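Going in written order, the chains are labelled A, B and C, and every chain counts its residues from 1.
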Amino acid sequence: MLAIKLAFKNLLGAGLRTWLNVTVLSFAFVLMIFYNGMIDGWNRQSRKDTQAWETGEGQFWQPEYDRYDPYTIQDSHGAMSEEIQSEIAKKNLVPVLIAQATAYPQGRMQGVTLKGIDPDQTILKLPTKALSKTNDSDYAMIGKRMATSLKMDVGDRLLIRWRDKNGTFDAREIEIISVFKCDVPSVDKGQIFLRLEVLQEMMGMENEATLLVAGENFKHRDFKNWVFRDQDFLLADMDKIIQAKKAGGTIIQALLLIIALIAIFDTQVLSIFRRQKEIGTYIALGLTRSQLVGIFTVEGGAHSILAALLGAVYGIPLFLWINKVGISMNYTQGMDIDLPIGEAIYPYYSLQLITISIILVVISATIVSYLPARKISKMKPTDALRGKLQ
Amino acid sequence: MKFLITTTLLLCTITDSFAQDAKTILDKVDKNMFSITKIIESDMVIYGRRNTRTVTSKGYSEGTDKSFTEYLAPEREKGTKMLKLEDRLWIYSPSTDRTIQLSGHMLRQSVMGSDLSYEDMMEDRKLTEMYDAKVIGEEVIDGRNTWILELTAIVDDAAYHGRKIWIDTQRYIPLQEELFAKSGQLLKKTVLTDVVKIEGRWYPRKVNYKDMLKDGKGTDFIIKDIQFDAKIPEYIFSKAALKQ
Amino acid sequence: MEEKIISIEKLVKRFPVGKTEFVALNNLSASFVRGEFAGLVGPSGSGKTTLLNIIGSLDTPSEGEVHVLDKSISLLSHKQSAKLRNRHIGFIFQTYNLLPVYTVYENVEFALLLQKLSGPERKKAVMDALEWVGLTDKIKSKPSMLSGGECQRVAIARSMVKRPEIVLADEPTANLDSKNSHHILQTMKKLNRELKTTFIFATHDEKVMQYLDRIISLEDGKVVKDELIKNSKNQ
């Protein structure tokens, strides 16, 4: 208690130098929380978006299906039993048939994935309603990214070639009836959405699907020949990417923290050198050397408490404001990012994040304060009093 | 390579000057293929959007079951060897010193970036087994009289649902072929030219193969040297030959 | 009989200087009894400060025995010597050595913080000490706002607040003018009389000598004269 009281007295007494250190440390602190909060917020948003647009409440897959291996698609289709049909009718499941094809936009050749889906589905946020318009034309819906990569817009016609279930080539022109905007690249990139029956007919795969997306009201049960994939499985890779992004950010944070810690270390070394006489006086007053080491360590470490307080003073209003307006992500448009990314990110600060950050900063500041303070225990009191140490 | 297959599939060396029905014509095309051995040195010219690449290779074949190809140029492909035995295909790459067997979906990949897939090279069923054929007319191509044959698949796993083949009425060699999708969409076109007499046979020295949905000039095969019925040692058609 | 609280026997203190050693105290013996108002007098470099430091357990003898309150200085651990200083010995320095970030009150209070005293007890002790030195009106001031004399009075209050047996004052007047010097000496003399605190000075200031009961003259680390003074100002 005494040490803490003394520490703050001394720190505040040291004035400008203390506040410089505290300010730099508080930047490290605020940035650390902000960056991680941003990533966490992004993560939550991405998960939410991906769930809404793509994964639903989990999916049933054909056993061979592997979303990262396009070669498995050819064999990943299976009939939907009556049981499944009734769930589909109750809008608890939505079937998706997936096929590979080649598109020929402007005489170029481009591999695409065809996805057949029920236009009246309500489980996914995909605006499939657009496909409900039937006509002589085969209507298709694509995402904005895909529209950009194909250089196509609503009303344009696109020649696609595919192989049916027997491997026989077929080709026809489809018309783009709608271009949707979606924050989740994985439901957009390289994909063309068609009506389920259209794709089933094209492939010769009547009443077949590659996967079934479960909706909120689906009561979980198993279906023969279908493998259930839960959220954790479906989002695992996204989590990994986000963790990697987090790791990437630690470099900047670590750098800032190190600068702040070096400043504290430096201040400690200097202050122990300049305050020899004071140290000698403390000893004369009866403090033991280990008490002194403690006092100086706490004093240095207390920078971190002040930094947390200072950080809170400008950080909390800043965070609140950011969370109101969001962080604009417009600059990422046109960038090739494989994560769902909204127009704005709303950081999420968990108690855990804040606690860990505080502990990290306090511990590291205490350590760098302790290292120079150990020197005190080697001081001779008489030398200290004379202020003659080098 | 496509040249190899196309020719083994389509070239008929037995001349018959009488007009015949389509099946008979195709039978002639299919006939005697298995007994023929060939050694062909060829250039494959791949016309890309920006550049043109030439790949030189030497191919040995016996019937339609066995073929062995060794790439000679460019430097990057040099030493790559390919062995086909019936429906199996191996590729040896000198850079990794490994032999891999291509299967399933890998066969749909393009051969060295050309307009051809490995699968195109693998099809060795006889046309008459896969297609119902009829003569739908005659046409003069480059001054040669041809029959136009229309083929419609009778098996349901043919890659191309329909084909049209133009066959020289006198020399019994195809001069042109078109491949169609189920919908009737023209997908690919093969044009055979520079027909010359080699060792007593008429043979097209140049074949252009083109994906009709794509812009560009497609891929050319140009025969630099061809030997018929040469003796090919049996070990050539073994996996051991790949590593040599 | 008078109680002997400090005894020094054949004390030698050597300091390493380069490769050789410098003898600062040379076979010095002396003793002090409770309530003395004594001074170590001698030219600069004669060993006054060195002797005070050893008595205050800030330094240790190279040879010989020094007992303070029946404790042998050579045998004390760091902790024990800290406790001795904290409970029983007060220091007054030439340069006051006040803690600059603390107020007058806190500077004095600090000496008590290591002792287990209740808040009110501590407050009373601090106020008493400040009253002895006449500084009750400046308790909220920082040392930088005080004159030299006032600072030294704070230092006296700090050394006295825990009512130690011994106060060691190293050149306490060296930085003070004569009026202030007399003032603090009178204060100390008064405390000496009222609280029976033993004062040992290191000085070469004539003004200080006028107040001393006993003058021990040092030269080159040896006692050259040890005399009791009868007719000094304190009578």
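Please note the rule applied: a contact is a pair of C-beta atoms (placed from the backbone, for glycine too) under 8 Å apart; a residue touches a chain by one contact, two chains touch by 3 or more.
Here the structure is a predicted model, which is why all the values come from computation and not from measurement.
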item: Farthest chain (mean CA position) relative to chain A; value: C
item: Per-chain CA centroid nearest to the all-protein CA mean; value: A
item: Centre distance in Å when chain B and chain C are each reduced to the mean of their C-alpha atoms; value: 112
item: Centre distance in Å when chain A and chain C are each reduced to the mean of their C-alpha atoms; value: 66
item: Cα-centroid distance, chain A relative to chain B, in whole angstrom; value: 52
item: Contacts with 2+ other chains: residues of chain C; value: none
item: Interface residues, chain A side, partner chain C - complex; value: 2, 9-10, 12-14, 277-278, 280-281, 283-289, 291, 380-382, 385
item: Sites on chain B touched by chain A in the complex; value: 104-106, 153, 156-161, 179, 181-183, 185, 187, 211, 213-216
item: In the complex, chain A residues that touch chain B; value: 71, 74, 102, 104, 106-109, 159, 161, 163-164, 166-172
item: Residues on chain C engaged by chain A in the complex (per definition of touch); value: 53, 56, 58-59, 78-79, 82-87, 91, 93, 95, 97, 99-102, 106, 110-111, 113-114, 158
